[in-house]
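In this document, chain identifiers A, B, C and D correspond to the written order of the chains, with residue numbering beginning at 1 in each.
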Amino acid sequence: MSKIGVFICHCGENISATVDVERVAREIGGMEGVAHAIDYKYMCSDPGQTFIKEAVKKYGLDGVVVGACSPRMHEPTFRRACAEAGLNPYLCEMANLREHCSWVHEKSEETTEKAIDLVKMLVEKVKKNKPLDSIKVPVTKKALVIGGGIAGIQASLDIANTGHKVILVERDPSIGGHMSQLSETFPTLDCSQCILTPRMVEVAQHPNIKLYTYAELESLEGFIGNFKAKIRLKAKSVNYSTCTGCGACIQKCPVKKIPSEFNAGLGTRTAIYVPFPQAVPNKPVIDRVNCNYYKRGACKICEKTCQVGSIEWDKEDEIITEEVGAVVLATGFDVKGTDFFPEYGYGQYKDVLTGLQFERLASASGPTFGEIRRPSDGAVPKKIVFIACAGSRDPAKGIPYCSKICCMYTAKHAMLYQHKVHDGESTVFYMDIRAGGKNYEEFVRRAIEEDTVNYVRGRVARVYEKNGKLIVKGVDTLLGGEQVEIEADMVVLATAGVANCGSEQLAQKLHVSYDPYHFFAEAHPKLKPVETNTAGIYLAGACQAPKDIPETVGMASGAAVKVAALFSNDELVREPVVAVVNRLAPPLYSTCVGCFMCETACPYNAIEHEEIKGRDGSLIRNSARVNQGLCQGCGTCVAFCRSKSIDIQGYTNEQVYAEVMSLLND
Amino acid sequence: MSSNTDFEPKIIAFVCNWCTYAGADLTGTSRLKYATNVKIVRFPCTGRIDFLLLLKSFAQGADGVIVSGCHPNDCHYTSGNFHARRRWIAFRSVLDLMGVDIRRIQYSWVSAAEGSKWADLVNNTVADIRALGPYAEYQKVADYLEKEGYNEEA
Amino acid sequence: MGHTNKVSDLQSHTGVEVMRCYQCGKCTAGCVLASEMNYPPSYLMRLLQTGTKPNLDKVLSSNSIWLCLNCENCLGRCPMEIDIPKMMDYLRTQAIKENKLHPDSKPIIAFHKSFLDSIKNTGRLYEMGLVLSYKFRTFNFLQDLSIAPSMYLKGKLHLLPEKIKDRRSMKRIFGQTIENAKTDNK
Amino acid sequence: MKIGFYPGCSLTGSSREYNESVVAVAKALDIELIEINDWNCCGATAAHAMNEELSLSLPARIMAMAEKQGLTEVVVPCAACYNRLKVTQHELEDDTKRSRVIDILKMPYQGSSRIINVLQLLEMYGAENIKAKITRPFAHKVACYYGCLLVRPHSILKFDRVEDPQSMDTMIKMVGGTTLDWAFKTECCGAGFSVSRTDLVAKLSGNILKDAADRGAEALIVACPMCQSNLDMRRGAINKTLETPSDIPVIYITQAIGLALGLSAQELGLKRHFVTVEL
């Protein structure tokens, strides 16, 4: 008979407040095969673990069930404790009494009875558990970083500086991301490009970093320590090994009116272009959608201009494969455009801008060289209105969350405007001012008190154009709802930060979770903010949720440390949750009949054919065999097997069956 | 419809580890309340779920079953949930044939971010099964399984 | 501070959740008559949120609920999708029930009543009758006399009402709805 | 082609010219309008300001009558009636409310008739015909005024976009006109306060008229009798609120289209306006 030890945790009061833990321990103690059952305030604490270790030795336990929090939280903790006491760790299971019971039910008889059932299920399961050995796999010590904004740059540099190789993939022709578009940064007002460009250059020159710009991830296969990434290098149409970056082709390109992405649509660029003067790499690509040659088959002026013959018209996209051990996702965010706002003119008014467009106006490298001028007529706006929460905190528009960065950048915008237009009047319509951060509140106060920005608490109902002015219909809710109408020359919307386009598809390629707004999901909201649910894939920056530069940089360094920690091992220990095909004594050898349904079901090509031969070497039959290095343990093969010959360790038919039956057989 | 206010149905949820189990964890972290009738059995993936096990559950007296995993395209293992869905479609007709009301099986997708969806799924299923009443025809299923020689204990 | 039952009544009758309002003021900013109101819409929401008897009385006896034109600009733009016009309908009914009527409501109610009388009797709106009946209700005999003759001359005013055949159905509909509600409250 | 027709009370009285122009244009476009038998008033603002069940029962009777007549599609030119019928149809999707109303009416009601406004009628069944039959292009610069009831609540009506709608503008452009981008397309004119609070109507309608005048509109185009009568019949009161009195006429979309199709001022009821129409 089994000798199972059961340990019920109070979790402080998290479990014991609604579940009668003593009764659980008492009733389970009376179950057949249970040798020892206790309850304790904190099973995960040092004394709690010591109870388990001592009980394993004292009672010679051959199985342990801990009734506590979610196994996703503490399964490794308790398995380690068992291993330390000499019990095979895979003979330890957890019953989820907190997330699945005490936190979701009121204190009642039923709640305690459910808790008893949950523990019982695992006791029955553990009786069928078999000792397993963990699987060791090698680690490829090279990281893939996706996205070359400040998050990707920081993560790449930090990993590279620990001595490991990094592949950095950027979708655009240059790294730099949104930070390169910003004018000055809050709360210090230092120039964004001045602090960013040195890091961009460092990335380009770092011996451990291989940079692929104008490239996208095509697919990712494998698992932690052993990923295989296919990367699409989009055709740049320019040979970078010969191109000197002289820029003559750009001067001569006749297609000059393409809205510049870097200038958020406020300036123009050519068809062969470098996104901005400080780009890394500082070499052009041809935008084939807009190029005369690709559109109409004639032009080639750039080719004639190029002294070194670098134009490659027939270049095609190339797909390369890189083997990496870890992935850092740093794909950033995007902002909603002005066309998202019916009440502010559906984007049809030229002088209604997004915050990002205002950054370009305020930036010395922008289309107006840092002067604040109206896109419509080039005039300096004397009255300007900033509208905070444009689209954010707006469930009607499908964005209920706070975009977090807008309060601060709006204060910065108003401040920059007042510094540049001394006789100007600026008004900020806001709902709340969220300025949590070092020196942030002080920064906002400075805007209000020293730079005389007029802060009005209320949302703007509509904006319309009349006689070259923008009529802003707002309200001052602090005056009991007094309507405020401003005839403005320019309106800046602090538009909501949203997930970058394509993030959903990317998440699906990588099998990481994402939230309803397509931001990537962290593994735990508090304790695992840079991990994803998929081992070996980490998050950095605004692809997880809108965040500002310091937070992004901190998170990127955090992700880099996780990667470095992973790379500090030569081998990884993997859970032995893999499929196995049964092997029996001759003359049966296996119940597998060799139908290979499992092979068709397997997403990892982990099923191999094995010839079973008799003593005389003659072929008895073909049978399936699982390559444990490739198997990821999904178990789809098990459901497909008609002869019940394949099973998955840790979730065998026998174990699952025992679990279910424990609920029903009374 | 008869009133079954005293009837507490026994419902077993077969869920995947990556999406729905984590989603149900989130329900807990968010302290959303739901009925106590449902007990979760954790699987690596809905692709692992053998529908004969569901039959076995009914044969042994379950009143209802929930199967829930990742949304289409979001499977941790690429395609396990698709296999499960395809198998479920085939399996439905078998159930029908054997006299199991398919309304007793709730097939759903709950992601790791959908804590409130899990609470709703549980509460709705409990209400539905309670309205259907206790499952009484289990002997039919038991006989069928015996005939097919499906016996896990062996 | 507990909520009076009246606020939860509002929710159960109309489905409008006043607690969803986070006082952004967008409704007020776009309301065409906010400046005429004792309390503009967002302020009204706040009064309701407090749930206190004095504040609820303020709401019911204000002119705001009567001046609301149900143009639905507020609902169209509300980030929380709060159906303020529906709430106004309910508050007007409550104000009549509790007889907490702001003086501004008098001509408006008189007009509505005259309008409904006309329909009840004939099934259709009898504009001439409406105007006459309204004048008797408000004792405002001089108002509107300026346009009536021109209307008549332009063929826009019938001297006699148009009547539908099935006028009994009108009696029944009125009897079972609005008149029924009145007797309920006695 | 045949289609159900609910004129509503205004169209038989103060807005006769709307009725006349709708009928004339429909005839010119070979659309046969079949009036709902023994129709009643929709209850307008008065009913829903005073009693919810009444406000649902009156429109429900109209639609029940249409169903009885086998009318699967009903055009409702009056924006206020259109709004009441659509909203009622939506509210009565709720089973409790529906059975209560059926109980009051003592008539079957399914809510199966499709309710459309006049712009939808012209868009769906008239566009090609109109283009083919233009004899005198409507070469005027006008401001299309939609008011509240055609576009809100968007979640129920699902007609055009809620701010800056376009369907009427498209129609005017189709018959050779120019339309203004202006700011008061969907601001309220004062609606049902015409009699009870003429002062407020004068103020609100004045704002609308002023913006259109400032931008050089030759006429306002409307599809709602309430808006028309406030802006037209109340012009005397409106002009008292304006610095510069305005004599911009206010005509129905059907009148504008009728003119383009070569129909006479008489047929379109253009003589019935308070503000003289010379277009």
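Throughout what follows, contacts are C-beta pairs under 8 Å (C-beta built on N, C-alpha and C of every residue); 3 or more make two chains touch, one makes a residue touch a chain.
Everything numeric in this text was worked out from a predicted model, so none of it was measured.
K.L.:
Between A-D and C-D, which chain pair is linked by the larger number of C-beta contacts?
P.N.:
C-D
K.L.:
How many angstrom lie between the CA centroids of subunit B and subunit C, rounded to a whole number?
P.N.:
For subunit B versus subunit C, the centre distance works out to 51 Å.
K.L.:
Report the inter-chain centroid distance for subunit C and subunit D in whole angstrom, where each centroid is the mean of the CA atoms.
P.N.:
Using C-alpha averages as centres, the distance is 22 Å.
K.L.:
Counting only residues that touch at least 2 other chains, which ones in subunit B make the list?
P.N.:
There are none in subunit B.
K.L.:
Of all the residues in subunit C, which ones touch at least 2 other chains?
P.N.:
Those would be 73.
K.L.:
Which residues does subunit D have that touch at least 2 chains other than itself?
P.N.:
Residue numbers touching two or more other chains: 162-163.
K.L.:
According to the definition already given, which pairs of chains are in contact?
P.N.:
Touching chain pairs, listed by label, are A-B, A-C, A-D, C-D.
K.L.:
State the interface residues of subunit A toward subunit C in the complex, per the touch definition above.
P.N.:
The contact residues of subunit A facing subunit C are 343, 389, 393-397, 431, 457-462, 473-477, 480-481, 483-484.
K.L.:
Can you list the residues on subunit A that touch subunit B in the complex?
P.N.:
On the subunit A side, the touching residues are 70-72, 96, 98-101, 103-106, 108, 110-111, 113-114, 117-118, 121, 507-508, 511, 513-516, 521, 525, 533-534, 577, 601, 603-604, 632-636, 638-640, 648, 650-651, 653-654, 656-657, 659-661, 663-665.
K.L.:
Would you mind writing out the residues of subunit D in touch with subunit C in their complex?
P.N.:
Checking each residue of subunit D against subunit C gives 9-10, 12-16, 38-41, 43-54, 57-58, 61, 104-106, 148, 152-154, 162-163, 186-188, 190-193, 195-198, 200, 204, 207, 233-234, 236, 271-274.
K.L.:
Could you list, by residue number, the parts of subunit D that touch subunit A in their complex?
P.N.:
161-164, 181, 183, 211, 214-215
K.L.:
Once bound in the complex, which stretches of subunit C touch subunit A?
P.N.:
Residues in contact with subunit A: 22-31, 34-35, 39-43, 73, 77-81.
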